[in-house]
Amino acid sequence: MISVTHLNNDWDGIFSLKDISLDIKKGEYFVVLGPSGSGKTLLLELIAGIHIPDSGRIDIGKKDVTTESPEHRNVGFLYQDYNLFPHYNVRKNIEYGLRVRKMSKEFIDSRIKELVDIIGIEHLMDRDVKTLSGGEQQKVGLARALAYRPDVILLDEPFSSLDENTKHALIHEMKDIHSREKATIIHVTHSQEESMLLADRIGIMMEGRIVQVGTPEEIFYKPTSVDVARFVKIENVWEARVVTRDEEAMLLRIGDKELVAPPIKVQKGSEVRVIIRPEDIILGHGQVTSARNTFLGKVVSLEKCGFYYMVRVDCGFPVVAAITRRSVDSLGLEPGKNVEVLFKATALHVIEK
Amino acid sequence: MISVTHLNNDWDGIFSLKDISLDIKKGEYFVVLGPSGSGKTLLLELIAGIHIPDSGRIDIGKKDVTTESPEHRNVGFLYQDYNLFPHYNVRKNIEYGLRVRKMSKEFIDSRIKELVDIIGIEHLMDRDVKTLSGGEQQKVGLARALAYRPDVILLDEPFSSLDENTKHALIHEMKDIHSREKATIIHVTHSQEESMLLADRIGIMMEGRIVQVGTPEEIFYKPTSVDVARFVKIENVWEARVVTRDEEAMLLRIGDKELVAPPIKVQKGSEVRVIIRPEDIILGHGQVTSARNTFLGKVVSLEKCGFYYMVRVDCGFPVVAAITRRSVDSLGLEPGKNVEVLFKATALHVIEK
Amino acid sequence: MGLVIVLFVFITLFNLLYKQLLLDPGNFFSIVTDSMVLRSIWLTLYASFLATLIAVVLGIPLAYFMARHDFFGKQLLEAFIDIPIIIPHTVAGIALFSLLTRKGTVGSVFENLGIVFQDSLWGIVVAMLFVSYPFFVNAAKEGFASVNPNLERVARTLGASQWRSFYNISLPLASPHIVSGAIMSWARGISEFGAVVVIAYYPMIASTMIFYRFNTGGLQESQPIAVLLILICFLTFALFRYFSRKRRR
Amino acid sequence: MGLVIVLFVFITLFNLLYKQLLLDPGNFFSIVTDSMVLRSIWLTLYASFLATLIAVVLGIPLAYFMARHDFFGKQLLEAFIDIPIIIPHTVAGIALFSLLTRKGTVGSVFENLGIVFQDSLWGIVVAMLFVSYPFFVNAAKEGFASVNPNLERVARTLGASQWRSFYNISLPLASPHIVSGAIMSWARGISEFGAVVVIAYYPMIASTMIFYRFNTGGLQESQPIAVLLILICFLTFALFRYFSRKRRR
């Protein structure tokens, strides 16, 4: 549906995009996730035609639009601060794209009615946009961008100017709107939470490059590089050496410990990295379990983190486990105590060094 | 140390404070938590002397400072956007409070050295403040406010203009600085996460009133009103009637179900509300457990929420449980399936209606 | 302390209005109903209106372009636009006269087209345009700069052409600035004396008329005209303040 | 299209400079070294400097107060400050002359103090002050308004008195605006003609000298002085742009 091929752009030397290629399917909710300053907004502006890339190619539908002007691209754009037209009321804002396209009065009315029902803003239609709250502005901006059924909706940090509670409510509505409107969406954000809750697929963007594309599961559990692992806050990244390897499993050595992991295509003796999310690590005392990797360790520290605890354990190599308050209480964990660390082989993700 | 008594202030009718009373102890880290627009910044400005309250009284140390001008109050103030003096470099910013107080050159140098070590900004000292990142600005602003050892440090949303990763790093440093400097801190924020990680005590502020004061444990697990429960995102608030009550327990009835809860001082037959955090609810299949409250229910929906799932179960009354991905997998939960819902009587929190 | 200066303006103007309107209204009415005086005032308002019209038509595209683009030499161009504000008024008059006199290069070209500047309406308009257009261009530029360019970009993605997004979005949003800039430019034209008097002593505009009457008849004959002009200026100025206030909202 | 207007200014000024400096430098140098001319230019610069000095001393407290406080009648006060910008220059002259003439109420008080305004340096200074101080006050007000009041509040909590926080924080941060406002006000004083000529034909300031020479000797005698003034104005203006640019950073 949307394809971006070898896109390069240098923007005053501050932001620059380097050889970006992406394929986004019709109806997909695609999130570009990356730290601020990585060039995410610029990517959206290139797709919208607000800037023209230095090199590379952009296709929307089956049309090459690389140098097309914005009004001929049929995209919808929602900037971070929504940019409603302040001299129009809500209805005139939403209708703008349809009026510019000289749609009939009947068509406009029926389309607006449909949208307003889906987005739930009927009560706002005659309001002055200056009186809207942040969340209301976002909904109106979204309705305006959706009105003429663009081929793709581009969302630039759509939740970042909202307070926490409004944000959570709107994330769920966004999901619903996406499926009811069958829209293709590219959403850029620096929030892992948003990407996890909304994305069909995620592209990780760092310093102007797309470094990994995958489902949320792949991104958050199977990062392909240490940088991505760090970015998605996996602290458990261990250097290991392959001892043996067969069709079903690999035996790895970390220091003087051995652990079992799913096999990847590497030679015996190679250096690899082992990655596991802190939520996938279980702490216990002599439990019966199917986990083949069990180590004895000593608790180093406990750190409150929301309603969970991050427990650091030294078992010859450093392990971080995310444990509920309940488990901390029932295991009586405290620094210096011994504890068993266990995890399933299948929860491990191994990458070449 | 700081006491605020029956403070009232009307600010253009937009923000207003209504009968605020607070006592903050020396060395305490006190967080005022509330939604935006609840009047939190105004409270700090009244304590700092930037505005004078309509009525009420403010004491700092043992001195009534209600109408004192800011420079005679000995407070440190860090606004949301830090407000470093743009025409001074970092060192001159930090020294400002000491120079105004005409401290000796030796004293200033030694105090600055000490602070700079604690806060870790030695490498920034000769930088122009315009070149600092958000996180660096925050540290410099904090150092400036701490330099003359004020009786209290007032922090206005100190993390809200930072990106997620910087924020997490700085929250941990803030904790460390607080304990090393033995400072008394009042920190206002709308972020539950910050308050949970930093506060010794939390005051919940809603629409210009302080509605509950307590430890994070009390606030997040034992809210005293439905409004606070909603604000701290507890969806499990059940209406119940007291069936029997003795020294050790109460038997409550919700619809046709009965449950056991810790006793509070109410008459038999009274209407009460029962509150429990979703993390304290366990889902299982015929487990052996010490929980006296066990119900059979049907899964209504599963909702991904970060690395956890919010599972809604109907067991005659609606229950929301927060469950790890592991548990969802091992229990094979999906909508329509039956599941056992259990929770300890002691995890329940009962309030009068 | 700073109020001294405001008080000074107030007393200066009040003294004049009081003397004319209350102490000697008869003299005031006889002089301001003099047809020569009325004609000169009408000429001033009309010439300044023409100058403002030219400034608006030529200034809007320039102001929009400068608000939206950064280019090499932009600061030099801004400097050039501001020059007439700081050049002494008689100097501006001399410069214009040198260029547009019938014997001058440009003046002779215009004379062949039938347009004469020396001692004519066109000379007055050109002098007023010269001193007043920077006020218009700067106000309009500020107006366009105050419109978030993302609004136009959004309009473009919604399907509007560049022209339409300008006409639907930027122009209406900048219009309070544009209107107040036009009024300011008109008032500046009305107030000009030095540049006009050099290029066109006749037909007399109001400022020239006051100067002439002052030299021939002293305060007695010049004060009434001054009062009338002050009243007209207050009216324009009230309009200006009205649009400025609207702009700030 | 808008460039037409810029081109017009450029050609107007270039035409004059070219004629004088390149075609007839001899005449230019003989006239601008005439001691009467030099004295009039010096008087203009000096009188305008005095007017600006008064505007700065009286204007800073007023500008600061207006930037920091909202009060009933603020808009009226702002209107009063702006009035001299839009009042026709000869009208301003008549108003001042009416007030300050030896026969006037205020004028006679000053005469007893030994200060005469009619045809004197003080008359020139007062006329220049009247037309130029709004430029200073508005620039200084904008300067103070651009300083985040939270900076002063923070300074207060850090232990600085109100005066000290003004002196350490607001004044230095507003200073680029204040300096450019003072230069603007100075340039405006230099450029004034209408108001000055009514209250003080003698001693002649540069504008008056040009007008006088134009009436007695035509372009031949007035152009060289105009060119010299333009060069002086360019210099002031370069200074102004330098501080404006600094301010924007």
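Labels A, B, C and D are assigned to the chains in the order they are written; within every chain, residues are numbered from 1.
In this section, a residue touches a chain if its C-beta (ideal position, glycine included) is under 8 Å from a C-beta of that chain, and two chains touch if they have at least 3 such contacts.
Every value quoted in this text rests on a predicted model; they were computed, and no experiment measured them.
Asker: Quick check: how many Å separate the C-alpha centres of chain A and chain C?
Answerer: 57
Asker: Measuring from the mean C-alpha position of chain A to the mean C-alpha position of chain B, what distance in angstrom results?
Answerer: 28
Asker: Where the CA atoms of chain C average out and where those of chain D average out, how many Å apart are those spots?
Answerer: Inter-chain centre distance comes to 18 Å.
Asker: Mark out which residues of chain A touch at least two other chains, giving numbers and ranges.
Answerer: Counting only residues that touch two or more other chains, chain A contributes none.
Asker: Please list all residues of chain D that touch 2 or more other chains.
Answerer: There are none in chain D.
Asker: Draw the chains as points, connect those that touch, then say whether the picture is a line, ring, star, complete or other.
Answerer: Basically the chains close up into a ring.
Asker: Go ahead and list every pair of chains that touch.
Answerer: Listed in label order, the chain pairs in contact are A-B, A-C, B-D, C-D.
Asker: Mind pulling up the chain C residues that touch chain D in the complex?
Answerer: Chain C residues touching chain D: 1-6, 8-13, 15-16, 19, 55, 58-63, 65, 75, 77-91, 93-99, 101, 104-106, 129-130, 133, 137, 184, 187-188, 190-194, 197-198, 206-208, 210-211, 214, 219, 222-223, 226, 229-230, 233, 236-237, 240-241, 245.
Asker: Using the touch definition up top, name the residues of chain B that touch chain A in the complex.
Answerer: So the residues of chain B in touch with chain A come to 35-36, 163-165, 190-193, 196-197, 220, 277, 279-280, 282, 304-307, 322, 324-326.
Asker: Taking the complex as given, what residues does chain A use to touch chain C?
Answerer: For this pair, the touching residues of chain A are 45, 48-50, 69-71, 73-77, 79, 81, 83, 85-87, 96-97, 100-101, 144-145, 148, 154.
Asker: Per the contact definition, I'd like the list of chain C residues that touch chain A in the complex.
Answerer: Touch residues, chain C against chain A: 148, 150-151, 153-162, 164, 168-169, 172-173.
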